[in-house]
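The letters A, B, C, D, E and F name the chains in turn, as written, and every chain counts its residues from 1.
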């Protein structure tokens, strides 16, 4: 009986967490998976969001610090980094804090990874200043 | 004498393997190298295609499972991943099998790598559904 | 009702898959997690093994081709690569086929990744030849 | 005049930050660099510790969340991951919070990276349970 | 007194090195950081350019060989790779030497990384030949 | 006729290049491959050493700058990095130049990659100073 409840709440919990964290961007990813891999949308809701993000041991704000840092350091996941920079703002990180996290990645993954992360943040924050060096 | 035959057949074998596996996309890569690094086109024909893909110990279908998995996991080689998703179809993998391989990469390289691989497959398969989350 | 059954069978299915694929090595990983992160052992059984490896669309043999290729290419997961070289043998890959997969990774991830994968296979296969170059 | 003060305080600030964050492990890294690259010890004190970790915009606890996540996700920096798991404890993260960060990396960098991070934490925490799966 | 001079010259030295090495592209990166992370522009001038590139032990030409090789091998930093291919030309590398470096990366990071590096060089060199395989 | 000569000289050329560059360490790698993947030893002689390292467009010294930088930046190929630090000394790089290359990698791949590269160099150079921070 517990299992039935848990299983039902697991997916629902994941759906609720996705909405709270990623907002519309999360919905778009789920929608984009429908025609290529609908089961993967289910796994995405169930494991990362239903299982991990809803665990009580770490706040959503702290979890987004970890995610933004990891995606910036890995360097090959720019679309997801942008989603999680927006998610960070959704769960209580300030722009300045996100910039601090991204700058710190220069120490662990090098200046190019940090620069690309900062230019991703610039785009998410909607800043449009002098020529974006990332594409030069 | 054997060496002469082998050397001649090595490049020809590579050319034939490239055509059988990558089709027109392979030809385009070779053509694109002509003005920047023509010798690299030769190495590409000779080593990966002439030496490796034509070895008898593993079928082309199995080799493409390995290549699709590796390129999806590495995450920084999207153009080549697309070429090899198409190549997988050429040598007998089904769309569903390719989707299975890409989903499985979530376990070994994380959800972003798997998502980006699935959206690459979506493009190669010519599917045009609701907003592609990869660029959000 | 379906959910209750599925949830119960999900973990059991994962346990059975882990045993069939990784054998004793899988059990050791689960045991090693007990004092540091017991919930992670649960997730490991449920998601990779209960959800992914038990999907019908790709044989276990094909799944291990993908996993061995990805872990060899990533290069930072030698313990897991060894577990899955053994797993490959468990689900029907031959030693020669595994060697082919690892050699092919030289094309996609470079010769060092392939060499380190081959020396990992040498260890798993129990071969003890002339000085292991990997540690030179 | 400000520059002189800043330059002097930059290195001193870095030294103080290194001691506060990494403790004895940080001192050992600096000492180990003496005979191979003494200038690099200076840069290590000045840039990561003097410039970055001492910036006011993010707490040391939050900075260590980012560092632990990034090093776990990158996968090739186990010695530094261990130093920063210990550093995390020094600046206020609990063992449970560190385990949460490392488990979450399974979503972004895959299960092997998370497993290797958890086994590193197990070693730093001084836990000695049933057979360490990381070396199986 | 020395420190004051050094600190002043450190930033100036970095600015001069950035101009000599990266030319206009370096200026654009610094400008692009102004509204998102102005302090990071300072660090970029001070540490990589003020501290590292101006060290006497290795020529700028040799340093660019190392940087082009590393960025090509890493694979996730295409904007920076393009900047440094141009920088290599600025400090005395020939087009042919840069092509040799990039081709050699096929051995250490695989053919996709080398191909993507060569297509980046093709763009920087202003070559416009038959269909660029990188985007196929 | 040319092809016959080239094919014969290709392997011989590779063998000679391997000996000149890697010395005894290269021989050990070839020997270690004998019982697991003898054909891969052939490819290693033919492609990296017979084809690439013997090309006239870049000196062996410059090629080793590129290789040391790439292997340090990739971070997952420590055995090969050690072989090529020794190879760098064989073909004319000084210890100080190798240390410069490795320190510079902090900018492109982060401080942990640079630290691990420096500690690898320390081992190759035979330096035994105060506690090696890499394993702390």
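Here is the rule we go by: contacts are C-beta pairs under 8 Å (C-beta built on N, C-alpha and C of every residue); 3 or more make two chains touch, one makes a residue touch a chain.
The UniProt protein names, listed by chain, are A, B, C, D, E, F = 4-carboxymuconolactone decarboxylase.
Because the structure is a prediction, the values reported are computed rather than measured.
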Interface numbering overlap (same over half, different under half) for chain A and chain E: different
Repeated interface matching B-D, over half of the contact pairs identical, chosen among A-B, C-F or A-F: A-F
Far-end chain from chain E, centres as C-alpha averages: C
Most distant chain from chain F, judged by the mean position of its C-alpha atoms: A
Chain C and chain D: spacing of chain centres that average the CA atoms, whole Å: 29
Length of the line joining the C-alpha centres of chain E and chain F, rounded to whole Å: 23
Rounded Å distance between chain C and chain E, as computed from the means of their C-alpha atoms: 38
Junction residues of chain F, two or more chains touched: 39, 43, 47-48, 52, 55, 71, 73-77, 80, 99, 103, 106-113
Overall pattern in which the protein chains touch one another (line/ring/star/complete/other): complete
Contact footprint of chain F on chain C as seen in their complex: 74-76, 99, 102-103, 106, 110-116, 118-119, 121-122, 125, 127, 129-136
Residues on chain C engaged by chain A in the complex (per definition of touch): 1, 3-4, 6-8, 39, 43, 47, 51-52, 55
Chain D contact footprint on chain B (complex, rising order): 73, 106-113
Of chain A, residues touching chain D in the complex: 47-48, 52-53, 55, 57-58, 62-63, 65-74, 77, 80, 96-97, 99-101, 103-109
Contact set on chain C toward chain D in their complex: 25, 28-37, 39-40, 43-44, 48, 71, 74-77, 79-80, 82-83
